[in-house]
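The chains carry the letters A, B, C, D, E and F, assigned in the order they are written, with residues numbered from 1 in each.
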Amino acid sequence: MCLPPVVFRGTIVATVKLWSDDEVAASPVVKAVFEDIRATRKSDFVNNFWRALANQPAVLERTWASVKQVMVAPGALDPLTKELVYIAVSTVNSCSYCVHSHTAAARAKGMTDEQYAEFLAVIGMAAETNTLANAMQIPVDREFMLE
Amino acid sequence: MCLPPVVFRGTIVATVKLWSDDEVAASPVVKAVFEDIRATRKSDFVNNFWRALANQPAVLERTWASVKQVMVAPGALDPLTKELVYIAVSTVNSCSYCVHSHTAAARAKGMTDEQYAEFLAVIGMAAETNTLANAMQIPVDREFMLE
Amino acid sequence: MCLPPVVFRGTIVATVKLWSDDEVAASPVVKAVFEDIRATRKSDFVNNFWRALANQPAVLERTWASVKQVMVAPGALDPLTKELVYIAVSTVNSCSYCVHSHTAAARAKGMTDEQYAEFLAVIGMAAETNTLANAMQIPVDREFMLE
Amino acid sequence: MCLPPVVFRGTIVATVKLWSDDEVAASPVVKAVFEDIRATRKSDFVNNFWRALANQPAVLERTWASVKQVMVAPGALDPLTKELVYIAVSTVNSCSYCVHSHTAAARAKGMTDEQYAEFLAVIGMAAETNTLANAMQIPVDREFMLE
Amino acid sequence: MCLPPVVFRGTIVATVKLWSDDEVAASPVVKAVFEDIRATRKSDFVNNFWRALANQPAVLERTWASVKQVMVAPGALDPLTKELVYIAVSTVNSCSYCVHSHTAAARAKGMTDEQYAEFLAVIGMAAETNTLANAMQIPVDREFMLE
Amino acid sequence: MCLPPVVFRGTIVATVKLWSDDEVAASPVVKAVFEDIRATRKSDFVNNFWRALANQPAVLERTWASVKQVMVAPGALDPLTKELVYIAVSTVNSCSYCVHSHTAAARAKGMTDEQYAEFLAVIGMAAETNTLANAMQIPVDREFMLE
C-alpha cells in the first residue's frame, strides 16, 4: 500500500505555483527571462527556482540579472570556487534546495570527489571553530585588523 | 576625550582567560601545541583563538591537529579557496572573530581586492537566493539528484 | 512500484506522537487548550503544532497563552504585518513547518500576490545586505545610535 | 580613566576601508551612486554600509539599484512594514549593523514605541515556536499546502 | 592614550533605553516585576536584559513569568544542565549578550572548568557534524524514527 | 496511484552515495572505522551519517575519532546532558538528520518524557530571549564579565 502523493511533507509542494513552460510562454516578461536563462546556460532545462520566482516577475528579472552578473560572467574567481562558496553559504543557511542545486552545479563544473571531500572537511572545521569562538567570545587580535 | 570603560561591550573580554606566553610555558601539553603552531606557520605570533582554547588542553590538541590536517596540509583545493570557504561559513554563522582572522589569512595567502569583491558578491547572492528558496519551500528538481 | 510510507524522510514523522482528537479528549488540560484554540479561531481545525505540543502540557498551555496574547489580541500592528514578520523569522530560522503554516495564515488574512512578491524581495534583499555587512564587519554609524 | 586601545574588540574596524567623501569624489562610479543615494533620500548623510561597499564598485551599483527598487520605490507594502520585516531578518541573521540601521530607519518612518514593543513580542514568539517545531520535526499539515 | 569615542561600535548602546532603578520605581508594572526578580533570585542585581525589556511592560511580564517557570522552578532537569542547553542555543544564535549572561549563570551554579571544556567540545563537534549532514543531505535512518 | 520513489523531495537522496556493508568491506580504511563503531557501540547498526562520510575516508576517520573522544569516552558531563546539548545545537542549526539521530540517542540513554518536555521549554525560551537581546542589542553587564 502507498500513501497518495499529497500526503508527503509539505515541502514537496512549494508555497507558490511552479510555472510550466506553457504558463511561461504566456507571460512576455517571464518568457524573456527564461529564454535568456536557456541561452546563457546553453541548455533547455530551467530548474524549479526560476519556475517559482516566475510568480514575482520583478524579483525574477532582478535576481536573474544578478546571478548572471555574479555567477556566470567571467571574473576574478574561477567558476568552481564560486560554486564551493555558494554551497558553503547554502549549507549554513540550511537551504536544502540550494545545497542540492549548487552541489550538482559544482559537479557539472568539474568538482572531483577529492575536492568535495576536502570542501566538506573545511566547512565542518569552520563550523566547529566558529562555535568555539562564539562560545568563548574571543576578542579579535590587533594583528588581524586593517590598519 | 574618552568614554569611561563601563561603556564598552562585554564582548571585549572572553568567557575564559587568554593564556600569556608565560602561562603557556608552564603547561607541557599547551606548550607543545603552541610550538607546533609556531613551527608549522613559521611565525612567532599565536592568535587569541589558541590562547583561549589553552584552557581546554584536550580540545586544543584535537582542534589544532584537525586544523593542521584540513587547512595546512596540501590537498585537492588550493589554500586560498579553502580560506574563502572558511570566511563564507564564518560570515553566515556570524562569527566576528573568525571573519576577521580568516579574512586576514586570505589576504596573507594572496587574495586580491578583485577576488574579495567577487567573493562578497557571491555570498550576498547566495544568501538572497537561500532565503527565497526557503521562503517558497521550492522542491528539489529531479535533475539535481544523484541517481 | 511504490515504497511503503515508512520509507520517506524521517521528517514526515515527528520526534513525538501527534495527538488525535480522542487522545486530546482524554486529557483535561490539553482538552481545555484545544477548546480555546477552536473557540478563539472560530474553526474546528487544530494544526499539528499543537498536537505535538500536547505531549508537554505545561509548554502547550504557556505557548498558546503567549500566541493568543501576541498574535490574536488586537494591538499596535495589524494582523497581516505580524504574519509577515513571523514568516521572515521562520524563513531565516529555516523552519519548514512554520513557513508553511504562517504563509497560509498570511493568505487567510488577505495577503495578495503583490504583497507576497514584495515581501520576498525584502527578505532576499535583507539577507544579502546582512551577509555583506557581517562579512565586512561594518561599524555602526553614530547617527543610528540612540542618544 | 580610559582603557588602552588594545582592549577594544576587532569589530570596531571593518575588514575594508570606509571611503571618505574625498575618496568618493575621486571615483566617478562611486560618486554617481553616492549622489543618487543623497538625492533619493534627500539627505547628505551616507552611512557606512555604502562607504564599505565603495571598495567593490560593481557590488555597490547593483546593491544600491536593488535597495532603491525594493525599499524606496512605492509598492504593495507600506514602508514601515518593509522595515519591520528587514529588522526581523537582520535580527535572526545576527547582523548588528543592520539591526541598528534599520531600527533607526523604522523610527524615522514613524514606528511608535507600542509598535516596536509588539514587533519584539512577535519575533520572540516566532523564534520560540520555530525552535519547538524544528526540535520536534513536526510534519506540515495538509491544510497548509497550496493545492 | 585612548581612541576617540567615534571609533567604538554601535553595539555599545542598545536600540532602547536601559531603565535605571529610579525609572523602574516610577512604573508600578515594571516595579512589580523587578521586585519579583530580586526576591526570586535573592539578589539586588537586575541585569540589562530586564532593564531593556522594561520599555515593553507586557513583554517584560510575560517573559519573566516564562523564565521563572522554565529556568527557576524545580523540574526534571537539574539547573546546570538547563544553563548548558541555554548557552548552546545562544551560541548558535550568535547572541553575545546571552552567551555572557548564561555562562556566568552556569558558573554561579557550579560549572567546573572540566565541565565547561567538555561542553565546548560537544558544541563544536555538534556544529561540525550538523554542517556535514546538512551539506550531504543525509536521509534519516528508519531506526531513528518513532514508530 | 502512487508516485515512484524518485519523485519525493531531493532530501530523501543524499548528495553522496550511502555505502552498503559490501562496499564498506571492500575498503580497508572504512572497514576499520565501521568495525570500531560497531565494537564501541556494541551494536551492528551503523547509521547513514557514517555511510555518507565513507566517501571521504580521511574525514570519516577524523570525525569518528573525535566523536568517540567527545561523546563516548567518560568525562565531566554525563552522557544524557551531552546528548541534550547536542540536540540543542542541531535544532538551531536546523539539521533534521541530527535532531532525529540525537533525540533517538537521548531516549536510548534514558531521557524521560518529562525531561524532554523541560528541554523543549528551555530551548524555546532561549531562542526567544536570544532574539530579543539581539534585536535590542543589549550591552553585556559588567557583572557577567570575567575579571
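Quick notes
Going forward, a contact is a pair of C-beta atoms (placed from the backbone, for glycine too) under 8 Å apart; a residue touches a chain by one contact, two chains touch by 3 or more.
What you see is a predicted model; the values in this text were computed from it and never measured.
Among the remaining chains, those touching chain D and also chain F are A, B, C, E.
Measuring from the averaged C-alpha position of chain A to that of chain C gives a distance of 25 Å. Between chain A and chain E, the centres computed from C-alpha atoms are 33 Å apart.
Residue numbers of chain B whose C-beta contacts span two or more other chains: 2-3, 8-16, 58-59, 62-63, 66, 69, 89, 91-97, 99-100, 103, 117, 120-121, 123-132, 134-137, 139-141, 144-145. Taken pairwise by the contact criterion, the protein chains are fully connected, each one touching every other. Considering their complex, residues 10-16, 18, 45, 47-49, 52-53, 59, 63, 66-67, 69-71, 75-77, 81-82, 84-86, 88-98, 100-104, 112, 114-115, 117-119, 121-123, 125-141, 143-145 of chain B touch chain A.
The touching residues of chain F, when paired with chain C in their complex, are 2-5, 8-9, 11-12, 94, 96-97, 99-100, 103, 113, 116-117, 120-121, 124, 131. Taken in their complex, chain A has these residues touching chain D: 6-7, 9-11, 13-17, 58, 62, 66, 69, 139-142, 144-146.
Partner chain D is touched in their complex by these residues of chain E: 1-3, 7-11, 15-16, 55-56, 58-59, 62-63, 89, 93-95. Residue ranges of chain F in contact with chain D, taken from their complex: 87, 91-92, 94, 96, 99-100, 103, 120, 123-132, 134-137.
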